[in-house]
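Worksheet for the structure shown next.
Just so it is clear, A, B, C and D label the chains in written order, and each chain counts residues from 1 on its own.
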Amino acid sequence: MKLFEYQAKETFRKFGIETPAGVLIKNAEELSDAMAKTSFPIVLKSQLLMGGRGKKGLIRLVSDEAQARKECGELFDSEYNVRKILVEQAVDIKTELYLSITVDPVEAKHMIIACGDGGVEIETLAVESPERIIREYVDPDRGLMPFQIKNVGFSLGLEGDLLKKFSAVLANLYKAFVSSDAELIEINPLFITGDGNIIAGDGKLSIDDNSDFRQPSYGKTRDYYDSDAEYEASLEGIPYLQFDGDISLMCAGAGLTTTVYDLINYEGGTVANYLEFGGPNYKKAVRAMELCLKNDSKVILVVTFGTIARADVMAEGIVDAISRLKPDRPIVTCIRGTNEEDASRILKEAGLVPLYDTEEAVRKAVAIAKGEKP
Amino acid sequence: MSIFIDETTKVLIQGITGKEGSFWTNHMIGCGTNVVAGVTPGKEGQQVEGRDVYHSVRRAVDKVEVEASMLFVPPRFTKDAVFEALDGGIKKIVTVADGIPLHDAVQIRKAAMSEGAMVIGGNTSGVISPGRAMMGFFPYWIERVYKQGRIGVMTRSGSLTNEVTAMVVKAGFGVSSLIGIGGDPVPGTRFAEMLPLYEADDQTDAVVIIGELGGTMEEECAEMKGLGIFTKPLVAFLGGRTAPEGKRMGHAGAIVSGGKGSVKDKIKAIESVGGKVAERPRFVGDYLKELLGDRVR
Amino acid sequence: MKLFEYQAKETFRKFGIETPAGVLIKNAEELSDAMAKTSFPIVLKSQLLMGGRGKKGLIRLVSDEAQARKECGELFDSEYNVRKILVEQAVDIKTELYLSITVDPVEAKHMIIACGDGGVEIETLAVESPERIIREYVDPDRGLMPFQIKNVGFSLGLEGDLLKKFSAVLANLYKAFVSSDAELIEINPLFITGDGNIIAGDGKLSIDDNSDFRQPSYGKTRDYYDSDAEYEASLEGIPYLQFDGDISLMCAGAGLTTTVYDLINYEGGTVANYLEFGGPNYKKAVRAMELCLKNDSKVILVVTFGTIARADVMAEGIVDAISRLKPDRPIVTCIRGTNEEDASRILKEAGLVPLYDTEEAVRKAVAIAKGEKP
Amino acid sequence: MSIFIDETTKVLIQGITGKEGSFWTNHMIGCGTNVVAGVTPGKEGQQVEGRDVYHSVRRAVDKVEVEASMLFVPPRFTKDAVFEALDGGIKKIVTVADGIPLHDAVQIRKAAMSEGAMVIGGNTSGVISPGRAMMGFFPYWIERVYKQGRIGVMTRSGSLTNEVTAMVVKAGFGVSSLIGIGGDPVPGTRFAEMLPLYEADDQTDAVVIIGELGGTMEEECAEMKGLGIFTKPLVAFLGGRTAPEGKRMGHAGAIVSGGKGSVKDKIKAIESVGGKVAERPRFVGDYLKELLGDRVR
């Protein structure tokens, strides 16, 4: 689960990493209070999970009250889903660094990534100037050792008091990374201020979903999602992505669903939504179909090839969903796997035409989406 | 023997008395697997499918020779169970748990590497050599997918594996050993680490990789082939060719970022060393025919 | 540093391990208050660092107030240095276990030792019935894993609720071991009570002296030492052991001092004290000689063969000590190593006869102790 | 080369700018040691004895080839410094620090073992091959102790080593390589682990062990000799024969408990495999004469 900047910064502060003085506001009315607690110039930072907020004009530096009120209103009214703004004191920046920690799946280690060019997109830099990226690998059993912190600090060209302060930041960031079961923790940029302090300018923190049980719950709120449908799907634990095409996918298995997505594109079709209800969700056909029906799609395509997710259970679920939801659009089914003969019988009894070949099913769905009679 | 496991491999089942554990123990035996014992703390003295249950791996290996362990253990206890198996000297471990915490997965792979063991999974259906043995849960009774033959299959997926393998069988081939390394971001074993085993296996004529966008596992395979460590024909099917950048589509490990891990890169890497990449599952069978010609299937 | 039972038990409780209800008293007057807080039968446990307290009659089970007062008085007045008594509620014991953690220097692991025979001396059992001892090795980087706790528990024959409670005790004991930088942490016996609880009956905890800087200070008090001299020496950081023979050792280097101790015994002499002032203490000749002079020894034997502990500095120290303390007994010197020529000159100028051979020096000291003129 | 180090071994000094570090760097060079560089965080750009100082081991090994590292680092920072040396790929490490926390020492030895490295110390004077090289601090200028020759010496002590080695020299022999494994309860390397190196060393005719009561290191040596892994003449001197049981006499590791670690046991073990145990330092020379006869000394 990706957290917002303000949440990442809360975590930073909890682990002793300094952030700019700031106040989180939920609407334009709260701006007065926030301004009372900060002094100009201030930065208005829209709390959105997407990257490139700066380029999209979602972060604004303002130098007086009138400007602040105007720009704050603009942000809340923008085309993006801005529900919270972090109002932060501007910082006297001397230089900017990049610092993050993630896992390296090949080495099976924690990987610290640092760079003297703060504010850049690290992925871009990795392609364009890989030699500027500093990497330090940490044995997960041993944890981060002091010499490794120094290695990073010296590679960044830090010395003396600044090296000491940076060492504390990195040690604390590592603690936060491990304690939070993070997939990624990132400070970009990490400010070095004119008076020699080190402050987290921006923050990313992504928590491993599989570690929910041992992490404080951040609660799934609408804020985290681009659309209502994605939010609703997440509450059900159903992987769901919103697109704006014609065909609603209702497939099982991440790899198979992705493959069906590809095949639709190959065949000239368009996808209305990616929806995967395999694994532990394979009995959630009703909820899955409800989600699909909220789209303006022209057809629902069901493709499964399950093992534990039995074909007969899948088929029953689809039939049950149809009888409950009475969908207003045709449904193409291609349900295979354990007990697939029973599945075929169930589908036929419900008046559906079971298919057995994925490509055939995809072609059928694309044809329907293009106007062919089901 | 085949890759990883065959009908002689002595297999222990950790979590044998659980619902899933006992159900699939029955099927593993049905598939030919040599299940020698099981472990469930507190249940020593019981039997499952005629196999003795022990309190712990250590107590089991004290009594019975064990070569591989199959874990039916909830994700949050998987790290402990894997470490217990490693502690028992077991070098082949399969864990099907879906939902292993990321940081646990890192420690699991780290431990396996430092102890010269191989952990397959998590988030996988496991390993099967059709007609001989399996560790995991495969509908081995579906002959149009799990037919014995001479094609090795490695996969990150579940349902997609059935889809692709059915095409391999439809083209007239069968499967020697199928290894599901799992869909997690940090699997215990990576594709490339299996290739030397397939290379050495005289029952495998070619290998099919069922991969997807994200990560670098397919690129690592290409590297192995480029180095001549793997010389047999290689065919890949990769899901997510048309996936939009930055969206998490597919498994947790499947995210394209900064141009790395894109299917385009993977195709380039594989083709540059003479491998084939199939655009559709069906084409996997076509490429195998092309590469193997009229060789015994 | 070895801690007293009551201190070990404080640590146990801090880490969530149950101990019998008890009150520590410093004199017989405090017994009334202790009795008010417990109920009979109670156990009076003399707080001494030596082993075998039970056999020496230093632990008494008493069942009424009169008996308690009588025995408490006896303990405080005993020949041993009893300065504190732990007054504990007696426990309804069903069985007793042994449980300890220490380090294994060969495997470089932490080693858990457990045994179904509580209360025995584990070293004796190791010789007589080694097969009864359960060992579990813990990787110091990974820490104690749940399966290892179960391994120990099942080996002890525990199951169900008792296994769960034991698992908590062992997990907590391991945390205490690591957090305390312990050389040894031991619960012997570990009681299993009639009502199915697990309680630490006795406790040993020995903290690594090299880890002082990161451990709470227990303070060096007279309580911990068998004699005033050993206490005083400890305050100086000088290794010192009290014996009752004729020759005071004032040597440098642990191995060499031990060897001189052996050689004196071979030559028929007796040792008044073992004193080692090498390493960082090599400039403490005055304090070392003061300690020696408190004994009824007949001669002081100085043997050194130093590298960083330079011979000339040693010699100067001895000469300085003599001029300050004016010792009432002869001093035999055998000072070698870096700058040994200067050392000889310094000793000769002070009227001493420098020797160069350890055995010769030992023979000389033994002869003096037996009455020969220096 | 001699055991562990000779005049060609490329030695790094960690903590080179400190008082002890710079003083003994001068002497190590004086003894013949090939000191190639030094490390002190924050002092890169300086020189000590004409050798470049780097911020870190990694920066040093990037520039200079290094085979061994000598640590002049306070005890509480020793674990970090050893791990840093191991991280730099250095396989021979000597640490003289006296006062390394016990739990740190366990992790140091653990890390060395798992990375196939050898850590000598702590609480030792180090390693010397007289007339050729040393890592540590020995008064190598005292010829009646540090005379070059063909006897290997291993020791847990400092001053006692001078005492015993002087007797070896007095008897007409000299020292090939002297290894001080240190007096701590958990030394990085144990006596028995050095024996195969002495066995292979054509400059060593016999080995003298300077041990003491406590622990099992001398017994492990006897086992190596019993197994035929070490075949050269072995003479031991053991301090603490008459030490009272249960008292901590000698080094921290030197405590006899429950009949284990007594000098009596050690003597029995060594003699049972044909080794000699000298009752007095002087006898060490006598036994060497007896065992080596008129062999070149």
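The rule we apply is simple: a residue touches a chain if its C-beta (ideal position, glycine included) is under 8 Å from a C-beta of that chain, and two chains touch if they have at least 3 such contacts.
Being a predicted model, the structure only gives us computed values, none of them experimental.
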(message) Once the contact rule is applied, which chains count as partners of both chain A and chain B?
(response) C
(request) Could you let me know which interface, C-D or A-D, is made of more C-beta pairs in contact? (result) C-D
(request) With chain centres defined as mean CA positions, report which chain is farthest from chain B. (result) C
(request) Report, in whole Å, the distance between the mean C-alpha point of chain B and the mean C-alpha point of chain C. (result) 56
(message) Counting only Cα atoms for the centres, state how far chain C is from chain D in Å.
(response) 28
(request) Between chain B and chain D, tell me the centre distance in angstrom, where each centre is the average of that chain's C-alpha atoms. (result) 49
(message) Going by the contact rule already set, what residues in chain D reach two or more other chains?
(response) 107
(message) I need the residues of chain A touching at least two other chains; which ones are they?
(response) 139, 141-142
(message) What's the contact topology between the chains, one of line, ring, star, complete, other?
(response) other
(message) Which pairs of chains touch each other in this structure?
(response) A-B, A-C, A-D, B-C, C-D
(message) Going by the contact rule set out above, which residues of chain C touch chain D in the complex?
(response) 51, 103, 105-106, 108-110, 121-124, 126-127, 139-141, 178, 181, 183, 208-211, 213-214, 239, 241, 252-259, 261-263, 265-266, 274, 278-280, 304-309, 336-338, 340, 358-359
(message) Residue numbers of chain D touching chain C in their complex, please.
(response) 75-76, 98-103, 106-107, 109-110, 113, 125, 137-139, 142, 155-163, 166, 183, 185-187, 190, 210, 212-213, 215-216, 220, 239-243, 246-254, 257-260, 279-282
(message) If we count contacts the way the header does, which residues on chain B are in touch with chain C in the complex?
(response) 41-42, 44, 55-59, 77, 80-81, 83-84, 87, 107, 111
(request) Quick one: which bits of chain A touch chain D in the complex? Just the residue numbers, please. (result) 142, 145-148, 150-151, 154, 159-160, 163
(message) If we count contacts the way the header does, which residues on chain A are in touch with chain C in the complex?
(response) 139, 141-142
